[in-house]
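Following: one structure in structure tokens, then a few remarks.
Chain IDs A, B, C and D follow the sequence of writing; residue 1 opens each chain.
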Amino acid sequence: MIFKVFKNQELARLHELLAVNIVVGPVAKGNDRNGKPLYDFDVVYDFNELALDYTQTVHSPKRFVLPYQETLSTFAVNRKDWEKHVDFNVYRPLVFFGMHACDINALNKLDLVLAQSTYPNPYYMGKRKNLFIIGIDCKPEPQCFCRSMGTDSAIHGFDVFLTDLGGKYFAEILSATAFDLLGQISCQDPSAKDLALYKQATNGKNKHYTAQVETSDLTKILDLEFESPAWDYWGEKCLSCGTCANVCPTCYCYGVEEHVDLDLQHASKTKSLHSCNLIDFAKVAGGHNFRPTSASRLKYRYYHKHRGFVEAFEESLCVGCGRCGTACLADITPPEVIASVRGKE
Amino acid sequence: MSEQLSYLGVPLARPKVGFFELSSCEGCQLQLLNNEATLLDFLNLVEIVNFREGMSERADTYDIAFVEGSVTRKDEITRLTEIRRNAKILVALGSCACFGGVNQLKNRFRDLEWVKKEVYGDFPIETMEVHPLADFVQVDLSIFGCPIKKEEVERIVTDLVVGKTVRHPEYPVCMECKANENICLFELGEPCLGPVTRAGCDAWCPSNRRGCWGCRGPAETANLTELEKIMHTYGFDSETILDRLECFGGFASFADTLRPKNIAELSSLPAQTKLIPSGCKKVPARRKKP
Amino acid sequence: MHNKLHFIDVLGRTTGAHRKQDPDSFEYTLPAEITSIYPLTASEKLYQIQIIDPELRNRFSFKPGQFVMLELPGIGEAPFSISSSPVRRGDLELCIRAVGNFTNFLAKMERGAKVGITGPFGTHFPLEKMQGNDILLIGGGLGIVPLRSPLLAVLENRSRYGRVDIMYGAKSPMELLFTYQYEEWRRFDITLGITVDKADKGWKGRTGLITELLQERIKQTTSLRENTYAIVCGPPVMFHFVCKMLTEAGLPMQKMFVSLERRMHCGRGKCCRCNIGSTYTCLDGPVFDYWSVMNLKEAI
Amino acid sequence: MKLSCEVNVHHLTRVEGHGNIQISIKNGVVKKAQWEVVETPRFFEAMLVGKHWENAPYICGRICGICSIGHTLASIRAVENAFGITPTTQTANLRLLLKHMETLQSHILHLYFLAAPDFLGAGSVLPLATTHPEVVQRALRLKLLANDACDIIGGRRLHPTRTVVGGFTMLPEKGELEKIRQRLLASVPDLLASAELFKTFAIPDFSRETEFVSLKGDTSYPFIGGGLVSTDGVVKKEDQYRAMTNEYCTQGFTSKLSKLSRRSFAVGALARLNNNFPLLHPTAREISEFLGLVPVNHNPYMGNVAQLVECVQVVLDSMRLIDTLLGSPWQEPRQQVQAKKGEGVGAVEVPRGILYHYYKFDTDGKVIKADCVIPTSQNHANILHDIEALAGQYAKTGKQDREIELLAEMLVRAYDPCISCSVH
């Protein structure tokens, strides 16, 4: 990895250089009812709109690679005959300006299943490979447990990662494109003092975590606690609303629907992100539901993330961003759920 | 217009369709005229044989009868029964037809005489407790919403024509709300019934920054007890919750359980208005298959 | 320097957003034609389906137990087990019960209709491993459909296997599938036991549960341990009982194979709808050995 | 010559709601000429009692599916008047724009889908799709424009979601408004073509001296709030609406009826135009004159023409409003609302005439009394008397039953009555 430092004001220049492309980044979205600022990712036209000191966005960046709804194909129907048209809906590169480590790691996890396993998903891959990602460091929020999940820092999956050293940015450069780009702004090699500051910054971050999840032997514990009453406790609270999966940067389950157009000459096939917490998730023809209770569905979400995915890819499908817990109106948070399943009330 | 319809080589019948209204604002029917861009395709797909709001011709047999509005008078029961007899498929169109709609708010009052007097003074106008269609006839298909969503109706009609089973989303509005990337209204300090209301409207209200009032009725999994707790956690009183839950009649039975707790709070009312747990109550076994 | 980022054409497209038709691609559907339709019962029909492009048709091969996704524009896409012999080239046989949107519409279609076909997907019954052994093929209800493919494969190479027992149970005689083929199968030195839950007037065969048939079979041998394999297809309750009985009779769990059914939207391990715990029915299944199934939470 | 006639229209079609017409003429003498309203009442005024103020616009907007925007706005205005809230200029402009677009969509719907088939000799708009495709396409284009604009401003074309007491929950995007402006401009030729089309229609020659009631504009053609006026010279303030409507009940009507200086009065596009002609945009005025409509016109069939003139008026005025809105940065969409004890009236000119909502609140902001007076209920008595006069005029002409029936039906339709909303 190549390291550089540059003055904070150079960042605007970097944005300017990249602004010939579509730039997406964190922007302020007003305040919540307690006056706490809210942020979300959006297309940015002006550097000043970027809120790089953002805490956490309400929604994850996944929609830029996995839209909530996407047309997979369309059909032209002509009497008996028909033709299928496939469009992967990728047309142009996208610059992501200011992504936290957890979200970068989330994309890396999605890659495992969507880009690197059998039948890579081209709709995803095309968008993913056309992202230029500028990572940025963060301060842990009360809901963050990324450290427990080992996703508090990003090792790959970005082009350049910036850490604010106070007045200066420390840049880890991972791609040649990023290297060329930084060549166009005023950059230096880090001094010994910069390195010291960088280490101080990372060490400082570690002190701020308040939430945590104990992951040791979690797969086994989940197996053992399949019948745990804890699931019923949470199941009773769960609204089966799917909010958790929607805000989660790694949930990718979906459903496919096909529709005939009013004119009977066209049809389309659309995919919408689904959630395993929804009642119809595992319903099959004839009405049999493999997971009829909200407890079984909620449990399934944890099994997929913390057990199944680990079994298949040797890492968990959760990055510990805590968004699902924050968004859940019933206040169901992974640290609490997992602690209760482990029997640590 | 009358060319035989077919899809993928399978011949399809063009259904004869009639639109009817009982007590309603006629908005749901209007929504069908409101689909300017696709109106002509729609008209090609079905044969409209009865649509009082839009045409003079009438016919007495139809494959699909869309019935809007709720039942609030005896003569409407007769009309409804007749429509049922003539129709192969009877569709309850909109929340009034499905649950009683806003009309059933009248049922909050024990004293129907007081209600009549409040509006018409000493002039007697016949009325009765408000009921959804299903209290009197078999309803084959419900289209929820106040108002209905035209895209949804078009999809449903296309599905009926090609013979697909009409499926409503079973999950709640929050799902669609999140997909629209809204910031949850609870976070912004406003109450919302999204977590318990059946989706399918594409989070119409929350996307316009307006809390959901539950016009589409309960989702398959509506966890109302938890919602009540959440509402209180976020600082909304029982009345705010009740206002929304009882507005369209879809949550009548749950609203009933809230209401007794509430009568005390509502004691500032004129003496005549005794509030009772009601909503749309089911009438005993008048339901008959045609 | 120009900072407009280059569009990376990961998908190997040359121009435009539409991808060249490529049979290996994700959403690609092979156009196929329904060449004949045989009604089997009131709700099941056997469809013979031929891939239209001769070259693609020749390239298509599968193993018994695998399934394909069938697609009809705007109507839907659904998984179906291939029911024909893997040796049979040129067309596929699918036996399909009309239960929902897709299957009901399909039931209305006629010969010559065009459907889309993708696959084959999933795991298969390891017939190679079974060579030289006795085989129990046990099917309940629609379970005979996925069973028919390994059955035909075994019959075609009859000499390579030891004793072959087929046990098949349906609710009523009206619901028995492939009745016209029983005599043909019997010619191959096999034992074919058929039972129905409820007899009707004309029924001269057995009445009772399939487990009774199996019990009789088990009694004939002291142990199933040494050289027997079992393939069990049917509703979860049925294979649960059958497999338990076989286990008690000494058949090791790894020598029993079942085919599971789940909701599927992609068939490619992406939609998660068919997951059981961590296991994708579409990628890791539908064929599992019973040992794996026992280790899957909520499989049965 | 046949001098007897029986007309019996049960559930008149191509109007909103349920009404019957009965005319019986024996040997040139009118025995019976009746307009009956048989809609089932829904008792909105009672429903509201005991409800928190925030329910009022939400529930009352649902009185009517065609002018839900008008009802919502009138309701909001009544609440705001009761609480002493004055909308910001931005809110007022947006509301008026929204109102205009509702007027446009409703008038177009009435003119083309409900009224035009009579003049073109068709039973409905359906056959016109084949015989007069360009007419239907034009109507759809105009309606789509108006409806899209309602979606953008009010959140939805029917039962708007963004309109609340205090302002709006959310503001439209400026780019979207800009697009609407362009489409409005592009719609002018369609409006002119509509004027040409209606010029060709034979408007029945019938006239009956009538009192017309509407809002009175000061500087602009009125739609939301202001003074009340009648052609007979009555002038009242908004909150004196009861003295203007004088509602009463009668047999054969599930709707209430109204009267002022005479036995009945009329509201609606014709009334607005008769009272505010000089305030029309010059172009709208020109078109009015081109179509032979100058005040005070007493032919109820001219209601259709008045609607068409108003279409021109609202389109031109909407462009002005959008320019104003685009000319300044967005302000806060919504004001704080503080409930208090009191009463308030909101008068709004909806497509079919003047609409009043009135509420009385207790200290908690709960409704103690509600009253909504809907345009069609104000028109019913006038329709009835028009039908009597019509029957009288044609009693001795020897017209066929069907001809008289059609004239009577067209007369009622010219009022574009919204019966379901009059019986609310």
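Heads up, the rule we're going with is that a residue touches a chain if its C-beta (ideal position, glycine included) is under 8 Å from a C-beta of that chain, and two chains touch if they have at least 3 such contacts.
This structure is a prediction, so every number in the text was calculated from the model and none was measured.
When the interfaces A-B and B-D are ranked by how many C-beta pairs touch across them, B-D comes first.
Remark: the per-chain Cα centre closest to the mean position of all protein Cα atoms belongs to B. As a whole-number value, the distance joining the C-alpha centres of chain C and chain D reads 65 Å.
Averaged C-alpha coordinates give centres for chain A and chain B that are 38 Å from one another. Rounded to whole angstrom, the centroid-to-centroid distance between chain A and chain D, based on C-alpha atoms, equals 51 Å.
With centres defined as mean CA coordinates, chain D is found 26 Å away from chain B. Residue numbers of chain D whose C-beta contacts span two or more other chains: none are found.
Counting partners per residue, chain A has 77, 80, 82, 259-261 as the residues that reach two or more other chains. Taken residue by residue, chain C touches two or more other chains at 72-75, 100, 112-114, whereas all remaining positions touch fewer. Pairs of chains that satisfy the touch definition comprise A-B, A-C, B-C, B-D.
Those residues of chain A that touch chain B in the shared complex are 29-30, 32-33, 38, 40, 58-59, 63, 68-69, 77, 79-80, 82, 236-243, 246-247, 259-264, 272-273, 275, 278-280, 294, 327, 329-330. Considering their complex, residues 17-18, 20-21, 72-73, 75, 77, 80-82, 84-93, 95, 113-114, 117-123, 125-126, 129-130, 132, 177, 180-181, 184, 223, 226, 252-256, 258-261, 266-269, 271, 274, 276, 281-286, 290-291, 296, 300, 303-304, 307-312 of chain A touch chain C. Of all residues in chain B, those touching chain D in their complex are 1, 21-31, 33-34, 36-37, 39-40, 43, 48, 51-58, 72-73, 76, 101-103, 105-106, 108-109, 114-116, 118-121, 123, 125, 127, 146-147, 204-205, 208-210, 213, 239-240, 243, 247, 266, 268-270, 273, 275.
Chain C contributes residues 72-75, 100-101, 104-105, 108-110, 112-114 to its touches with chain B in the complex.
Those residues of chain B that touch chain A in the complex are listed here as 5-9, 12, 38, 41-42, 44-45, 154-155, 157-159, 161-162, 169-172, 174-175, 178-181, 183-184, 186-189, 194-196, 219-221, 223, 226-227, 230, 234.
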